[in-house]
Amino acid sequence: MLEELKQKVLKANQNLVKYNLVTLTWGNVSGIDRKKNLVVIKPSGVDYDKLKIEDMVVLDLNGKIVEGKLRPSSDTPTHIELYKNFKNIGGITHSHSTYATIFAQACKDIPCYGTTHADHFYGTIPVTRFLTKKEVEEGYELNTGKLIVERFKGLDPVVTPGVLLAGHAPFTWGSSPAESVKNNLVLERVAEMAFAALQLNPKLKALPEHIINKHYLRKHGPNSYYGQIKPGKKK
Amino acid sequence: MLEELKQKVLKANQNLVKYNLVTLTWGNVSGIDRKKNLVVIKPSGVDYDKLKIEDMVVLDLNGKIVEGKLRPSSDTPTHIELYKNFKNIGGITHSHSTYATIFAQACKDIPCYGTTHADHFYGTIPVTRFLTKKEVEEGYELNTGKLIVERFKGLDPVVTPGVLLAGHAPFTWGSSPAESVKNNLVLERVAEMAFAALQLNPKLKALPEHIINKHYLRKHGPNSYYGQIKPGKKK
Amino acid sequence: MLEELKQKVLKANQNLVKYNLVTLTWGNVSGIDRKKNLVVIKPSGVDYDKLKIEDMVVLDLNGKIVEGKLRPSSDTPTHIELYKNFKNIGGITHSHSTYATIFAQACKDIPCYGTTHADHFYGTIPVTRFLTKKEVEEGYELNTGKLIVERFKGLDPVVTPGVLLAGHAPFTWGSSPAESVKNNLVLERVAEMAFAALQLNPKLKALPEHIINKHYLRKHGPNSYYGQIKPGKKK
Amino acid sequence: MLEELKQKVLKANQNLVKYNLVTLTWGNVSGIDRKKNLVVIKPSGVDYDKLKIEDMVVLDLNGKIVEGKLRPSSDTPTHIELYKNFKNIGGITHSHSTYATIFAQACKDIPCYGTTHADHFYGTIPVTRFLTKKEVEEGYELNTGKLIVERFKGLDPVVTPGVLLAGHAPFTWGSSPAESVKNNLVLERVAEMAFAALQLNPKLKALPEHIINKHYLRKHGPNSYYGQIKPGKKK
């Protein structure tokens, strides 16, 4: 069942290690089959180097386990809430990568300070508020998903493929599990450079808008001209 | 004698290298057999990649060597004092990992600034005072153990599995040698992120208490729901 | 066609990974055959570990593709503009290496704070201005090349083999593709040390001029005495 | 000739790479045979992974090459001057390791802020003044050696096995080539931790003297008790 998607989710979780985005088991990647409305996610607390394809957990959008012997990531309700609300995404990554987490802990969003940022995230990467005591008690992981959706009112999750949870860490997403991990890596690099650029110049301003537009649009959208275009295939 | 524990202590010492927590021979891990009241510890000044199981030193709680041809870590009296006073721990790690040592040198404890911290340490990670000249002269390593115990008056070492020695470096502990090394790694990551978050926001406040509680308790205690629960086994 | 140069450009691109100068596909190296006035450059958006010699793209100085099935790096017009104006260079590297990019984002040039810098870059490493909206719209990559040339009025690109693009990242060059990558690595190290030295001493001054001269000249020019001199070969 | 010493010097140079202390060819290690008064040193500008035992250069204390086909490190006169003045050292290392170089560039010496420092360097690690224009012109590398000797008036190079050259980088030494590299690594770690501890607490004071004494003396001198003592062998 969903063997191809499971393979992609497995590989994407392993890439968290390859890209140096995780310590111990502090991260998880999921993917969705939009036709069947089924989500595949990493099991909770299992080491990346021991993960096997049959460990992947399949759930429906009500959070009911459809296949799998292990318990899914404890963050599963957050993933599902995002899939329900962000209809154009195909994969989600949560990690505690160092510099993105530092911005989350400092409760600061990340303005677009450079073209590395503009190449992948169109404008500021937002930070959420904290959940209230009541929201935590009612359902921490589900309400974390709702909190992200609330923060994205007026924002397009496709051009801003990630968020910083206040006091916690980043969530990123993308068209596939692999793309969501790449966006996690991009966010980590962008955060590291924003951190140090602010040390060097505390009055740093965001990049001029015409440069932000140029960089984002040369990599994305109908007139993009980065990478190889193959007929019949997405870049 | 104690072959299984020796193997665990050997492996845990090697993990100091794997997790990038040590330079040269600046770290040591021990474990205790609570039934026999015997401690197994790394020999002093031996490279991790040359360590063999027969190099492990076995001592009783009076610090008498029971087995082993090599001299034990010079920090052995500190380890033993902790085992005597913290009855629920099974392993201890000392390292000079970079960021934990930086906080120790700056004589600053680490408030809980994020969920990465709250997932593993319940509240502030404390820093000790300096030993007095008299305490140093009387017995440096033993009094270092006593200093930690003094600092933990009113604290539970099970939920706060580590400490920063002023001007020196961290000690961490856990239910086993392996867990004590993991807690050393967690402390290092938490310290690194606290360091940079304070650079980014010098007025940074600790995480709201209801989020600290939620994160610690979803990973620990009777109602925890992180990881895989196997009947008859601890998680 | 140009097999030797293609091999050098391929190897130089792979060295971006070896020297830890790139994330994902954020960098490209080119080389020029000055007799034939042909440029060899990396294809756009292709992973370094999948690059093959036949993927290299050959262009003339009008930007016309002479050989190659893939699209060249989107930064190709910048490379060509530099080759046209800096007659003594044989290779060009663009990367988003962390600390050089941080200085670029902070819009700060890098004065010569140490002998590591003086050994390779003779004086300050300059930062450009931002391109205007008009310049971006007219031709972003070509005008980026022109912007660098403008910034080098009165500077010798041979002794200052690199530049920081405001808000973007570094370009470096050298006598060959390999040398341009080495200069990218040098710039990254120099930037990292300048960053931290400024944190440690915000009033830091440039190195005394007599030491800058000594260091640059003992490695470069007719009286240099660093490295091995082999008859009939350049050092 | 001096095969054993050459082997040690070769290995020590390769350890610069293993310990991540060098970029490109920015470092060199030498050793001395005190009976024959001959120095073995790395050739200039040769990659560490291509170094062979027959590439090592042998010189007398007048700087005359006694054996070897390659040119010695351009820093050779500095090494020789140190061997002539510091009679109890057996090996010397020069590198541009990141954080030691940052302190050198910031012209700041490193007070003993922690026990990691006290375990290996007894008290402050000093920084020199800059050489004058006249000193540079007369003989840069020789006068660099003299500058270090001048800075050590009243200091014992055996207990302070390293120095920071203002605006340049560290030199360290030890009882053997291997020990000089280890001290270079220690200095790098100590500098990194001093750097960040000063960011965290700009009013940071040196460690209390009784703790400095304890740590240095438990690892060094007649009453040391760190490591393994083997009869007939130095520790």
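We just call them A, B, C and D in the order they show up, numbering each chain from 1.
Operating definition for what follows: a contact is a pair of C-beta atoms (placed from the backbone, for glycine too) under 8 Å apart; a residue touches a chain by one contact, two chains touch by 3 or more.
Only a predicted model underlies this, so the values are computations on that prediction, with no experimental measurement involved.
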Shortest contact path, chain A to chain D, counted in steps: 2
Equivalent interface positions on chain A and chain C, same or different at half: different
Longest centre-to-centre distance from chain D, chain (CA-based): A
Copy-to-copy rotation for chain C and chain D - C-alpha atoms, rounded to a multiple of 5°: 90
Distance from the mean Cα position of chain D to that of chain B, given in whole angstrom: 33
Distance between chain centroids, defined by C-alpha means - chain B, chain C (Å): 46
Per-residue overlap in chain D, given as positions that touch at least 2 other chains: 199
All touching chain pairs, where touch follows the definition stated at the start: A-B, A-C, B-D, C-D
Chain D contact footprint on chain B (complex, rising order): 23-24, 26, 43-46, 70-71, 74, 96, 98-99, 101-108, 130-133, 136-137, 140, 167-169, 195, 198-199
In the complex with chain B, residue positions of chain D that touch it: 113-116, 182, 185-186, 189, 192-194, 196-197, 199-201, 204, 207-208, 210-211, 214, 218, 225-229, 235
